[in-house]
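Sending over a structure as C-alpha coordinates; questions will come in a sec.
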Amino acid sequence: MTVTFEELQAFLAEQFPQGARYGTLEGLGDGWAEMKLEVDEGHLRPGGTVSGPAMMGLADVALYAALLGKIGLVPLAVTSNLNINFLRKPVAHSPIRARANMLRIGRATGVGQVYVYSEGMEEPVAHATITYSIPANR
Amino acid sequence: MTVTFEELQAFLAEQFPQGARYGTLEGLGDGWAEMKLEVDEGHLRPGGTVSGPAMMGLADVALYAALLGKIGLVPLAVTSNLNINFLRKPVAHSPIRARANMLRIGRATGVGQVYVYSEGMEEPVAHATITYSIPANR
Amino acid sequence: MTVTFEELQAFLAEQFPQGARYGTLEGLGDGWAEMKLEVDEGHLRPGGTVSGPAMMGLADVALYAALLGKIGLVPLAVTSNLNINFLRKPVAHSPIRARANMLRIGRATGVGQVYVYSEGMEEPVAHATITYSIPANR
Amino acid sequence: MTVTFEELQAFLAEQFPQGARYGTLEGLGDGWAEMKLEVDEGHLRPGGTVSGPAMMGLADVALYAALLGKIGLVPLAVTSNLNINFLRKPVAHSPIRARANMLRIGRATGVGQVYVYSEGMEEPVAHATITYSIPANR
(Lines give C-alpha, C1' and ligand atoms only; values in the text may rest on other atoms or scores of the structure.)
Protein backbone atom coordinates (compact mmCIF):
# COMPACT_ATOMS: atom_id res chain seq x y z
CA MET A 1 0.00 0.00 0.00
CA THR A 2 1.23 3.44 -0.95
CA VAL A 3 -0.26 5.48 1.87
CA THR A 4 -0.46 4.96 5.63
CA PHE A 5 -3.56 5.45 7.78
CA GLU A 6 -1.99 8.54 9.42
CA GLU A 7 -0.98 10.13 6.10
CA LEU A 8 -4.47 9.63 4.66
CA GLN A 9 -6.14 10.92 7.82
CA ALA A 10 -4.03 14.10 7.69
CA PHE A 11 -4.74 14.53 3.97
CA LEU A 12 -8.52 14.21 4.42
CA ALA A 13 -8.47 16.68 7.33
CA GLU A 14 -6.69 19.17 5.07
CA GLN A 15 -8.99 18.57 2.07
CA PHE A 16 -12.17 18.81 4.16
CA PRO A 17 -11.56 21.54 6.71
CA GLN A 18 -15.19 21.24 7.85
CA GLY A 19 -13.97 17.85 9.07
CA ALA A 20 -16.47 15.97 11.12
CA ARG A 21 -19.28 16.76 8.67
CA TYR A 22 -17.85 14.19 6.22
CA GLY A 23 -16.84 11.56 8.76
CA THR A 24 -13.59 10.22 10.16
CA LEU A 25 -11.32 7.47 8.88
CA GLU A 26 -11.67 4.29 10.97
CA GLY A 27 -9.81 1.69 8.91
CA LEU A 28 -7.64 1.40 5.78
CA GLY A 29 -6.34 -1.65 3.92
CA ASP A 30 -5.37 -2.86 0.47
CA GLY A 31 -8.12 -1.36 -1.70
CA TRP A 32 -10.57 -0.72 1.12
CA ALA A 33 -11.38 1.94 3.72
CA GLU A 34 -13.91 2.40 6.51
CA MET A 35 -15.31 5.73 7.69
CA LYS A 36 -17.71 6.74 10.44
CA LEU A 37 -20.06 9.69 10.73
CA GLU A 38 -21.40 10.92 14.07
CA VAL A 39 -24.72 12.34 12.92
CA ASP A 40 -25.70 15.79 14.13
CA GLU A 41 -28.79 17.95 13.56
CA GLY A 42 -27.62 18.96 10.08
CA HIS A 43 -27.67 15.32 8.92
CA LEU A 44 -31.21 14.52 10.03
CA ARG A 45 -34.58 14.24 8.32
CA PRO A 46 -37.94 14.46 10.14
CA GLY A 47 -38.21 11.59 12.63
CA GLY A 48 -34.53 11.68 13.46
CA THR A 49 -33.52 9.61 10.41
CA VAL A 50 -30.14 10.22 8.80
CA SER A 51 -30.65 12.09 5.50
CA GLY A 52 -29.87 10.64 2.09
CA PRO A 53 -27.25 13.32 1.29
CA ALA A 54 -25.41 12.50 4.55
CA MET A 55 -25.19 8.82 3.52
CA MET A 56 -24.15 9.75 -0.03
CA GLY A 57 -21.46 12.10 1.27
CA LEU A 58 -20.05 9.47 3.61
CA ALA A 59 -20.09 6.77 0.90
CA ASP A 60 -18.35 9.16 -1.51
CA VAL A 61 -15.51 10.09 0.83
CA ALA A 62 -15.05 6.47 1.99
CA LEU A 63 -14.40 5.28 -1.55
CA TYR A 64 -12.15 8.29 -2.14
CA ALA A 65 -10.11 7.10 0.87
CA ALA A 66 -9.98 3.52 -0.47
CA LEU A 67 -8.78 4.80 -3.86
CA LEU A 68 -6.14 7.17 -2.45
CA GLY A 69 -4.84 4.36 -0.24
CA LYS A 70 -3.93 2.59 -3.48
CA ILE A 71 -2.89 5.35 -5.91
CA GLY A 72 -1.42 7.86 -3.45
CA LEU A 73 -2.57 11.29 -2.31
CA VAL A 74 -3.90 12.62 -5.62
CA PRO A 75 -5.96 15.71 -4.76
CA LEU A 76 -7.57 16.00 -8.18
CA ALA A 77 -9.39 12.67 -8.30
CA VAL A 78 -13.09 13.58 -8.65
CA THR A 79 -16.33 11.59 -8.56
CA SER A 80 -17.74 11.11 -12.06
CA ASN A 81 -20.64 8.72 -11.36
CA LEU A 82 -22.45 7.70 -8.20
CA ASN A 83 -25.31 5.21 -7.99
CA ILE A 84 -26.92 4.53 -4.64
CA ASN A 85 -29.76 2.31 -3.46
CA PHE A 86 -31.35 3.14 -0.13
CA LEU A 87 -32.27 -0.21 1.39
CA ARG A 88 -33.53 0.35 4.95
CA LYS A 89 -34.34 3.23 7.29
CA PRO A 90 -31.33 3.93 9.54
CA VAL A 91 -31.69 3.90 13.32
CA ALA A 92 -32.63 7.40 14.54
CA HIS A 93 -29.73 9.49 15.92
CA SER A 94 -27.29 6.57 15.49
CA PRO A 95 -23.85 6.96 13.84
CA ILE A 96 -23.42 5.55 10.32
CA ARG A 97 -20.44 3.64 8.93
CA ALA A 98 -19.29 3.16 5.34
CA ARG A 99 -17.18 0.20 4.19
CA ALA A 100 -15.74 0.87 0.75
CA ASN A 101 -13.74 -1.40 -1.53
CA MET A 102 -12.34 -0.87 -5.01
CA LEU A 103 -13.54 -3.14 -7.84
CA ARG A 104 -11.07 -1.86 -10.43
CA ILE A 105 -8.39 0.82 -10.69
CA GLY A 106 -7.46 1.69 -14.27
CA ARG A 107 -5.42 4.38 -15.99
CA ALA A 108 -8.11 7.05 -16.02
CA THR A 109 -10.82 5.79 -13.65
CA GLY A 110 -11.38 3.81 -10.47
CA VAL A 111 -14.62 1.96 -9.68
CA GLY A 112 -15.69 0.66 -6.30
CA GLN A 113 -18.63 -0.11 -4.07
CA VAL A 114 -19.68 1.00 -0.60
CA TYR A 115 -21.96 -0.53 2.02
CA VAL A 116 -23.46 1.93 4.51
CA TYR A 117 -24.42 0.63 7.97
CA SER A 118 -26.38 2.19 10.81
CA GLU A 119 -25.07 1.39 14.28
CA GLY A 120 -27.47 -1.07 15.91
CA MET A 121 -28.57 -2.78 12.65
CA GLU A 122 -26.89 -5.78 11.05
CA GLU A 123 -28.09 -5.33 7.46
CA PRO A 124 -26.81 -2.42 5.33
CA VAL A 125 -28.99 0.72 5.04
CA ALA A 126 -27.56 1.66 1.64
CA HIS A 127 -25.30 0.34 -1.12
CA ALA A 128 -23.45 2.57 -3.59
CA THR A 129 -21.34 2.05 -6.70
CA ILE A 130 -19.04 4.97 -7.48
CA THR A 131 -16.60 5.89 -10.27
CA TYR A 132 -13.71 8.26 -9.69
CA SER A 133 -11.95 10.05 -12.53
CA ILE A 134 -8.17 10.05 -12.04
CA PRO A 135 -6.20 12.97 -13.52
CA ALA A 136 -3.84 12.12 -16.38
CA ASN A 137 -0.61 13.60 -14.99
CA ARG A 138 -0.38 12.34 -11.47
CA MET B 1 -51.78 20.40 -10.20
CA THR B 2 -52.58 19.39 -6.67
CA VAL B 3 -50.29 21.73 -4.75
CA THR B 4 -49.50 25.43 -5.07
CA PHE B 5 -46.02 26.99 -4.99
CA GLU B 6 -46.74 28.57 -1.60
CA GLU B 7 -48.05 25.35 -0.05
CA LEU B 8 -45.01 23.38 -1.23
CA GLN B 9 -42.62 26.10 -0.05
CA ALA B 10 -44.17 26.03 3.41
CA PHE B 11 -44.08 22.22 3.49
CA LEU B 12 -40.39 22.08 2.54
CA ALA B 13 -39.50 24.72 5.16
CA GLU B 14 -41.24 22.57 7.76
CA GLN B 15 -39.64 19.31 6.60
CA PHE B 16 -36.14 20.81 6.39
CA PRO B 17 -35.84 23.19 9.32
CA GLN B 18 -32.17 23.77 8.46
CA GLY B 19 -33.71 25.43 5.41
CA ALA B 20 -31.23 27.22 3.23
CA ARG B 21 -28.79 24.30 3.37
CA TYR B 22 -31.01 22.34 0.95
CA GLY B 23 -31.96 25.20 -1.32
CA THR B 24 -35.08 27.23 -1.94
CA LEU B 25 -37.97 26.60 -4.30
CA GLU B 26 -37.80 28.87 -7.37
CA GLY B 27 -40.40 27.37 -9.70
CA LEU B 28 -43.10 24.71 -9.81
CA GLY B 29 -45.20 23.38 -12.66
CA ASP B 30 -46.96 20.26 -13.93
CA GLY B 31 -44.43 17.52 -13.05
CA TRP B 32 -41.44 19.84 -12.68
CA ALA B 33 -39.74 22.01 -10.08
CA GLU B 34 -36.73 24.30 -9.90
CA MET B 35 -34.60 24.93 -6.81
CA LYS B 36 -31.61 27.15 -6.08
CA LEU B 37 -28.79 26.76 -3.58
CA GLU B 38 -26.70 29.71 -2.41
CA VAL B 39 -23.45 27.93 -1.66
CA ASP B 40 -21.73 28.63 1.63
CA GLU B 41 -18.47 27.36 3.15
CA GLY B 42 -20.05 24.03 4.14
CA HIS B 43 -20.83 23.22 0.48
CA LEU B 44 -17.33 23.82 -0.87
CA ARG B 45 -14.40 21.61 -1.85
CA PRO B 46 -10.78 22.84 -2.10
CA GLY B 47 -10.55 25.50 -4.80
CA GLY B 48 -13.98 26.90 -4.01
CA THR B 49 -15.83 24.27 -6.06
CA VAL B 50 -19.29 23.17 -4.96
CA SER B 51 -19.06 19.66 -3.45
CA GLY B 52 -20.66 16.54 -4.93
CA PRO B 53 -22.91 15.96 -1.89
CA ALA B 54 -24.25 19.54 -2.15
CA MET B 55 -25.24 18.90 -5.79
CA MET B 56 -26.74 15.49 -4.91
CA GLY B 57 -28.72 16.99 -2.04
CA LEU B 58 -30.12 19.77 -4.23
CA ALA B 59 -31.01 17.34 -7.05
CA ASP B 60 -32.74 15.05 -4.56
CA VAL B 61 -34.91 17.74 -2.98
CA ALA B 62 -35.74 19.29 -6.38
CA LEU B 63 -37.20 16.03 -7.65
CA TYR B 64 -38.99 15.55 -4.33
CA ALA B 65 -40.62 18.94 -4.95
CA ALA B 66 -41.58 17.98 -8.52
CA LEU B 67 -43.13 14.74 -7.26
CA LEU B 68 -45.06 16.36 -4.39
CA GLY B 69 -46.38 19.00 -6.77
CA LYS B 70 -48.15 16.11 -8.55
CA ILE B 71 -49.14 13.66 -5.81
CA GLY B 72 -49.71 16.09 -2.94
CA LEU B 73 -47.83 16.73 0.30
CA VAL B 74 -46.90 13.13 1.18
CA PRO B 75 -44.26 13.34 3.90
CA LEU B 76 -43.25 9.69 3.70
CA ALA B 77 -42.06 9.56 0.08
CA VAL B 78 -38.39 8.52 0.28
CA THR B 79 -35.56 8.25 -2.23
CA SER B 80 -34.90 4.62 -3.17
CA ASN B 81 -32.35 5.02 -5.99
CA LEU B 82 -30.22 7.94 -7.14
CA ASN B 83 -27.80 7.89 -10.07
CA ILE B 84 -25.76 11.00 -10.81
CA ASN B 85 -23.17 11.89 -13.44
CA PHE B 86 -20.89 14.84 -12.70
CA LEU B 87 -20.27 16.47 -16.06
CA ARG B 88 -18.31 19.70 -15.52
CA LYS B 89 -16.64 21.62 -12.70
CA PRO B 90 -19.03 24.27 -11.32
CA VAL B 91 -18.01 27.94 -11.17
CA ALA B 92 -16.30 28.64 -7.83
CA HIS B 93 -18.54 30.28 -5.18
CA SER B 94 -21.45 30.52 -7.64
CA PRO B 95 -25.02 29.43 -6.73
CA ILE B 96 -26.29 26.20 -8.28
CA ARG B 97 -29.74 25.47 -9.69
CA ALA B 98 -31.59 22.19 -10.19
CA ARG B 99 -34.33 21.69 -12.78
CA ALA B 100 -36.23 18.47 -12.08
CA ASN B 101 -38.96 16.76 -14.08
CA MET B 102 -40.86 13.54 -13.53
CA LEU B 103 -40.57 10.78 -16.16
CA ARG B 104 -43.21 8.53 -14.60
CA ILE B 105 -45.41 8.47 -11.53
CA GLY B 106 -46.79 5.02 -10.70
CA ARG B 107 -48.66 3.44 -7.84
CA ALA B 108 -45.62 2.70 -5.69
CA THR B 109 -42.77 4.69 -7.26
CA GLY B 110 -41.98 7.92 -9.10
CA VAL B 111 -39.00 8.31 -11.45
CA GLY B 112 -37.56 11.57 -12.71
CA GLN B 113 -34.44 13.36 -13.86
CA VAL B 114 -32.64 16.50 -12.74
CA TYR B 115 -30.21 18.83 -14.48
CA VAL B 116 -27.90 20.80 -12.18
CA TYR B 117 -26.57 24.15 -13.41
CA SER B 118 -23.88 26.48 -12.07
CA GLU B 119 -24.69 30.19 -12.40
CA GLY B 120 -22.47 31.60 -15.13
CA MET B 121 -22.28 28.42 -17.23
CA GLU B 122 -24.68 27.37 -19.97
CA GLU B 123 -24.08 23.60 -19.96
CA PRO B 124 -25.23 21.46 -16.99
CA VAL B 125 -22.65 20.52 -14.34
CA ALA B 126 -24.48 17.33 -13.35
CA HIS B 127 -27.38 15.10 -14.40
CA ALA B 128 -29.25 12.78 -12.05
CA THR B 129 -31.94 10.12 -12.38
CA ILE B 130 -33.83 9.47 -9.16
CA THR B 131 -36.54 7.04 -8.00
CA TYR B 132 -38.85 7.88 -5.11
CA SER B 133 -40.77 5.24 -3.21
CA ILE B 134 -44.35 6.34 -2.51
CA PRO B 135 -46.05 4.94 0.60
CA ALA B 136 -48.99 2.60 0.00
CA ASN B 137 -51.65 4.37 2.09
CA ARG B 138 -51.44 7.99 1.12
CA MET C 1 -36.31 -21.27 0.69
CA THR C 2 -39.59 -21.34 -1.19
CA VAL C 3 -38.48 -22.81 -4.51
CA THR C 4 -36.22 -25.72 -5.45
CA PHE C 5 -33.46 -25.65 -8.08
CA GLU C 6 -35.48 -27.94 -10.36
CA GLU C 7 -38.69 -25.90 -10.04
CA LEU C 8 -36.86 -22.66 -10.86
CA GLN C 9 -35.01 -24.26 -13.78
CA ALA C 10 -38.31 -25.46 -15.25
CA PHE C 11 -39.92 -22.05 -14.70
CA LEU C 12 -37.08 -20.17 -16.45
CA ALA C 13 -37.15 -22.61 -19.40
CA GLU C 14 -40.87 -21.90 -19.76
CA GLN C 15 -40.49 -18.11 -19.39
CA PHE C 16 -37.58 -17.89 -21.87
CA PRO C 17 -38.33 -20.37 -24.64
CA GLN C 18 -35.25 -19.16 -26.56
CA GLY C 19 -33.47 -20.79 -23.61
CA ALA C 20 -29.74 -20.96 -23.97
CA ARG C 21 -29.56 -17.33 -25.16
CA TYR C 22 -30.14 -16.15 -21.57
CA GLY C 23 -28.00 -18.72 -19.80
CA THR C 24 -28.65 -21.75 -17.60
CA LEU C 25 -29.12 -21.98 -13.86
CA GLU C 26 -26.01 -23.41 -12.15
CA GLY C 27 -26.67 -22.77 -8.46
CA LEU C 28 -29.42 -21.52 -6.11
CA GLY C 29 -29.36 -20.73 -2.41
CA ASP C 30 -30.93 -18.50 0.20
CA GLY C 31 -31.13 -15.14 -1.61
CA TRP C 32 -28.55 -15.99 -4.28
CA ALA C 33 -28.31 -17.67 -7.69
CA GLU C 34 -25.61 -18.44 -10.22
CA MET C 35 -26.10 -18.63 -13.99
CA LYS C 36 -23.82 -19.47 -16.89
CA LEU C 37 -23.91 -18.36 -20.51
CA GLU C 38 -22.13 -20.31 -23.27
CA VAL C 39 -21.39 -17.46 -25.66
CA ASP C 40 -22.20 -17.94 -29.32
CA GLU C 41 -21.73 -15.68 -32.36
CA GLY C 42 -24.80 -13.60 -31.47
CA HIS C 43 -23.21 -12.54 -28.15
CA LEU C 44 -19.89 -11.33 -29.58
CA ARG C 45 -18.38 -7.96 -30.43
CA PRO C 46 -15.47 -7.44 -32.85
CA GLY C 47 -12.39 -9.22 -31.53
CA GLY C 48 -14.42 -12.09 -30.07
CA THR C 49 -15.34 -10.18 -26.88
CA VAL C 50 -18.65 -10.87 -25.19
CA SER C 51 -21.01 -7.95 -25.84
CA GLY C 52 -22.33 -5.62 -23.16
CA PRO C 53 -25.98 -6.57 -23.79
CA ALA C 54 -25.12 -10.28 -23.31
CA MET C 55 -23.58 -9.49 -19.90
CA MET C 56 -26.54 -7.25 -18.95
CA GLY C 57 -29.03 -9.93 -19.97
CA LEU C 58 -27.25 -12.61 -17.94
CA ALA C 59 -26.96 -10.34 -14.87
CA ASP C 60 -30.65 -9.47 -15.14
CA VAL C 61 -31.89 -13.06 -15.31
CA ALA C 62 -29.49 -14.21 -12.55
CA LEU C 63 -30.91 -11.69 -10.09
CA TYR C 64 -34.44 -12.61 -11.24
CA ALA C 65 -33.58 -16.21 -10.29
CA ALA C 66 -32.20 -15.13 -6.89
CA LEU C 67 -35.37 -13.13 -6.21
CA LEU C 68 -37.78 -15.88 -7.30
CA GLY C 69 -35.90 -18.38 -5.14
CA LYS C 70 -37.02 -16.25 -2.18
CA ILE C 71 -40.49 -14.97 -3.09
CA GLY C 72 -41.71 -17.89 -5.21
CA LEU C 73 -42.44 -18.19 -8.94
CA VAL C 74 -43.98 -14.77 -9.54
CA PRO C 75 -44.08 -14.30 -13.32
CA LEU C 76 -44.87 -10.59 -13.18
CA ALA C 77 -41.80 -9.35 -11.34
CA VAL C 78 -40.11 -6.91 -13.75
CA THR C 79 -36.82 -5.03 -13.76
CA SER C 80 -37.32 -1.37 -12.89
CA ASN C 81 -33.71 -0.15 -12.60
CA LEU C 82 -30.41 -1.63 -13.71
CA ASN C 83 -26.99 -0.05 -13.17
CA ILE C 84 -23.92 -1.81 -14.53
CA ASN C 85 -20.20 -1.03 -14.51
CA PHE C 86 -18.05 -2.79 -17.07
CA LEU C 87 -14.73 -3.42 -15.33
CA ARG C 88 -12.52 -5.55 -17.59
CA LYS C 89 -12.54 -7.03 -21.08
CA PRO C 90 -13.82 -10.64 -20.94
CA VAL C 91 -11.73 -13.51 -22.37
CA ALA C 92 -12.60 -14.01 -26.05
CA HIS C 93 -15.04 -16.87 -26.78
CA SER C 94 -15.09 -17.90 -23.09
CA PRO C 95 -18.35 -18.60 -21.18
CA ILE C 96 -19.50 -15.98 -18.66
CA ARG C 97 -20.97 -16.57 -15.20
CA ALA C 98 -23.18 -14.32 -13.06
CA ARG C 99 -23.34 -14.61 -9.26
CA ALA C 100 -26.35 -12.67 -7.95
CA ASN C 101 -27.41 -11.97 -4.38
CA MET C 102 -30.30 -9.99 -2.96
CA LEU C 103 -29.56 -6.95 -0.76
CA ARG C 104 -33.15 -6.36 0.25
CA ILE C 105 -36.59 -7.78 -0.49
CA GLY C 106 -39.45 -5.46 0.42
CA ARG C 107 -43.17 -5.34 -0.14
CA ALA C 108 -43.05 -3.77 -3.60
CA THR C 109 -39.41 -4.05 -4.70
CA GLY C 110 -36.33 -6.25 -4.44
CA VAL C 111 -32.77 -4.93 -4.79
CA GLY C 112 -29.65 -7.00 -5.39
CA GLN C 113 -26.23 -7.06 -6.94
CA VAL C 114 -24.53 -9.26 -9.52
CA TYR C 115 -20.89 -10.01 -10.27
CA VAL C 116 -20.17 -11.19 -13.82
CA TYR C 117 -17.10 -13.38 -14.39
CA SER C 118 -15.37 -14.54 -17.56
CA GLU C 119 -14.06 -18.12 -17.43
CA GLY C 120 -10.27 -17.97 -17.15
CA MET C 121 -10.13 -14.65 -15.22
CA GLU C 122 -10.23 -14.27 -11.45
CA GLU C 123 -11.46 -10.68 -11.20
CA PRO C 124 -15.04 -9.79 -12.22
CA VAL C 125 -15.63 -8.33 -15.70
CA ALA C 126 -18.76 -6.45 -14.63
CA HIS C 127 -20.78 -5.51 -11.55
CA ALA C 128 -24.48 -4.66 -11.62
CA THR C 129 -27.05 -3.37 -9.13
CA ILE C 130 -30.63 -4.17 -10.10
CA THR C 131 -34.10 -3.36 -8.72
CA TYR C 132 -37.07 -5.59 -9.41
CA SER C 133 -40.64 -4.39 -9.07
CA ILE C 134 -42.84 -7.01 -7.38
CA PRO C 135 -46.56 -7.04 -8.28
CA ALA C 136 -48.96 -6.11 -5.48
CA ASN C 137 -51.23 -9.17 -5.56
CA ARG C 138 -48.91 -12.12 -5.61
CA MET D 1 -19.94 17.05 -37.55
CA THR D 2 -17.11 14.66 -38.31
CA VAL D 3 -19.05 11.73 -39.74
CA THR D 4 -21.91 11.44 -42.24
CA PHE D 5 -25.03 9.31 -41.84
CA GLU D 6 -23.85 6.94 -44.59
CA GLU D 7 -20.35 6.54 -43.14
CA LEU D 8 -21.73 5.74 -39.69
CA GLN D 9 -24.31 3.32 -41.10
CA ALA D 10 -21.58 1.43 -42.97
CA PHE D 11 -19.35 1.40 -39.87
CA LEU D 12 -22.11 -0.01 -37.63
CA ALA D 13 -22.97 -2.69 -40.22
CA GLU D 14 -19.31 -3.74 -40.21
CA GLN D 15 -18.98 -3.68 -36.39
CA PHE D 16 -22.22 -5.61 -35.84
CA PRO D 17 -22.42 -8.22 -38.56
CA GLN D 18 -25.54 -9.71 -36.93
CA GLY D 19 -27.00 -6.39 -38.02
CA ALA D 20 -30.69 -6.11 -37.52
CA ARG D 21 -30.51 -7.58 -34.01
CA TYR D 22 -29.10 -4.26 -32.74
CA GLY D 23 -31.27 -1.95 -34.77
CA THR D 24 -30.76 0.38 -37.72
CA LEU D 25 -29.67 4.02 -37.81
CA GLU D 26 -32.62 6.34 -38.52
CA GLY D 27 -31.19 9.79 -37.80
CA LEU D 28 -27.91 11.53 -36.96
CA GLY D 29 -27.17 15.09 -35.91
CA ASP D 30 -24.80 17.21 -33.85
CA GLY D 31 -24.39 15.07 -30.71
CA TRP D 32 -27.50 12.97 -31.24
CA ALA D 33 -28.62 9.82 -33.04
CA GLU D 34 -31.82 7.85 -33.48
CA MET D 35 -32.06 4.09 -33.98
CA LYS D 36 -34.95 1.67 -34.56
CA LEU D 37 -35.32 -2.00 -33.73
CA GLU D 38 -37.85 -4.22 -35.48
CA VAL D 39 -38.52 -6.70 -32.71
CA ASP D 40 -38.46 -10.40 -33.54
CA GLU D 41 -39.08 -13.52 -31.44
CA GLY D 42 -35.60 -13.34 -29.88
CA HIS D 43 -36.38 -9.90 -28.36
CA LEU D 44 -39.63 -10.88 -26.67
CA ARG D 45 -40.69 -11.80 -23.16
CA PRO D 46 -43.86 -13.74 -22.27
CA GLY D 47 -46.91 -11.74 -23.38
CA GLY D 48 -45.14 -10.40 -26.46
CA THR D 49 -43.40 -7.59 -24.57
CA VAL D 50 -39.99 -6.39 -25.74
CA SER D 51 -37.33 -7.70 -23.31
CA GLY D 52 -35.17 -5.48 -21.10
CA PRO D 53 -31.91 -6.62 -22.74
CA ALA D 54 -33.28 -5.69 -26.17
CA MET D 55 -34.03 -2.13 -24.91
CA MET D 56 -30.63 -1.90 -23.18
CA GLY D 57 -28.84 -3.08 -26.33
CA LEU D 58 -30.65 -0.54 -28.51
CA ALA D 59 -30.01 2.30 -26.05
CA ASP D 60 -26.33 1.36 -25.87
CA VAL D 61 -25.75 1.31 -29.62
CA ALA D 62 -27.79 4.52 -30.15
CA LEU D 63 -25.55 6.48 -27.79
CA TYR D 64 -22.49 4.85 -29.38
CA ALA D 65 -23.74 6.24 -32.71
CA ALA D 66 -24.29 9.72 -31.21
CA LEU D 67 -20.76 9.68 -29.78
CA LEU D 68 -19.07 8.46 -32.98
CA GLY D 69 -20.92 11.12 -34.96
CA LYS D 70 -18.97 13.66 -32.87
CA ILE D 71 -15.54 12.07 -32.31
CA GLY D 72 -15.21 10.04 -35.52
CA LEU D 73 -15.25 6.30 -36.18
CA VAL D 74 -13.29 5.11 -33.13
CA PRO D 75 -13.82 1.34 -32.92
CA LEU D 76 -12.38 1.01 -29.41
CA ALA D 77 -14.82 3.23 -27.53
CA VAL D 78 -16.47 0.91 -24.98
CA THR D 79 -19.37 1.29 -22.54
CA SER D 80 -18.11 1.73 -18.99
CA ASN D 81 -21.37 2.50 -17.12
CA LEU D 82 -25.02 2.09 -18.04
CA ASN D 83 -27.97 3.05 -15.86
CA ILE D 84 -31.48 2.36 -17.12
CA ASN D 85 -34.95 2.93 -15.69
CA PHE D 86 -37.79 0.93 -17.18
CA LEU D 87 -40.80 3.25 -17.10
CA ARG D 88 -43.70 1.59 -18.91
CA LYS D 89 -44.55 -1.71 -20.60
CA PRO D 90 -43.89 -1.46 -24.36
CA VAL D 91 -46.64 -2.24 -26.88
CA ALA D 92 -46.53 -5.97 -27.74
CA HIS D 93 -44.77 -6.82 -31.05
CA SER D 94 -44.24 -3.12 -31.83
CA PRO D 95 -40.86 -1.72 -33.00
CA ILE D 96 -38.88 0.33 -30.47
CA ARG D 97 -36.93 3.54 -31.10
CA ALA D 98 -34.02 5.08 -29.18
CA ARG D 99 -33.23 8.81 -29.23
CA ALA D 100 -29.76 9.42 -27.81
CA ASN D 101 -27.97 12.70 -27.09
CA MET D 102 -24.57 13.43 -25.59
CA LEU D 103 -24.41 15.44 -22.34
CA ARG D 104 -20.63 15.80 -22.33
CA ILE D 105 -17.67 14.62 -24.39
CA GLY D 106 -14.35 14.83 -22.56
CA ARG D 107 -10.80 13.64 -23.15
CA ALA D 108 -11.29 10.13 -21.80
CA THR D 109 -15.07 9.68 -21.49
CA GLY D 110 -18.37 10.63 -23.09
CA VAL D 111 -21.67 10.76 -21.17
CA GLY D 112 -25.14 10.87 -22.67
CA GLN D 113 -28.75 9.91 -22.21
CA VAL D 114 -31.23 7.88 -24.24
CA TYR D 115 -35.02 7.80 -24.35
CA VAL D 116 -36.56 4.54 -25.59
CA TYR D 117 -39.99 4.68 -27.24
CA SER D 118 -42.43 1.97 -28.26
CA GLU D 119 -44.27 2.63 -31.52
CA GLY D 120 -47.86 3.51 -30.67
CA MET D 121 -47.12 5.14 -27.29
CA GLU D 122 -46.30 8.79 -26.70
CA GLU D 123 -44.44 8.51 -23.38
CA PRO D 124 -41.00 6.84 -23.20
CA VAL D 125 -40.83 3.19 -22.09
CA ALA D 126 -37.27 3.54 -20.74
CA HIS D 127 -34.60 6.15 -20.00
CA ALA D 128 -30.88 5.39 -19.83
CA THR D 129 -27.73 7.30 -18.88
CA ILE D 130 -24.57 5.82 -20.37
CA THR D 131 -20.82 6.54 -20.11
CA TYR D 132 -18.42 5.56 -22.87
CA SER D 133 -14.71 5.21 -22.31
CA ILE D 134 -12.71 6.74 -25.18
CA PRO D 135 -9.27 5.25 -25.93
CA ALA D 136 -6.28 7.51 -25.27
CA ASN D 137 -4.58 7.36 -28.70
CA ARG D 138 -7.31 7.90 -31.18
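We just call them A, B, C and D in the order they show up, numbering each chain from 1.
To be clear about the criterion, a residue touches a chain if its C-beta (ideal position, glycine included) is under 8 Å from a C-beta of that chain, and two chains touch if they have at least 3 such contacts.
Since this is a predicted model, take the numbers as computed values, not measurements.
**Q** Taking each chain's centre as the mean of its CA atoms, which one is farthest from the centre of chain D?
**A** A
**Q** What rotation angle superposes the Cα atoms of chain A onto chain B, in degrees to the nearest 5?
**A** So the copies are related by a turn of 180 degrees.
**Q** Can you give the whole-Å distance between the Cα centres of chain A and chain B?
**A** It comes to 22 Å between the two C-alpha centres.
**Q** Any idea how many Å lie between the Cα centroids of chain A and chain D?
**A** About 33 Å separates the centre of chain A from that of chain D.
**Q** For chain A and chain C, what's the span in angstrom between their mean Cα positions?
**A** Those two chain centres are 28 Å apart.
**Q** Quick check on chain A: which residues sit in contact with 2+ other chains?
**A** 80-81, 83, 85, 131
**Q** Mind pulling up the chain B residues that touch chain D in the complex?
**A** So the residues of chain B touching chain D come out as 83, 85, 87-88, 103-104, 111, 113, 123-124, 127, 129, 131.
**Q** What does chain B use to touch chain C in their complex?
**A** My answer: residues 80-81, 83, 107-109, 131, 133, 136.
**Q** Give every residue of chain A touching chain B within the complex, in rising order.
**A** Interface residues on the chain A side: 15, 18, 21, 41-42, 45-46, 51-53, 56-57, 60, 75, 78-86, 89.
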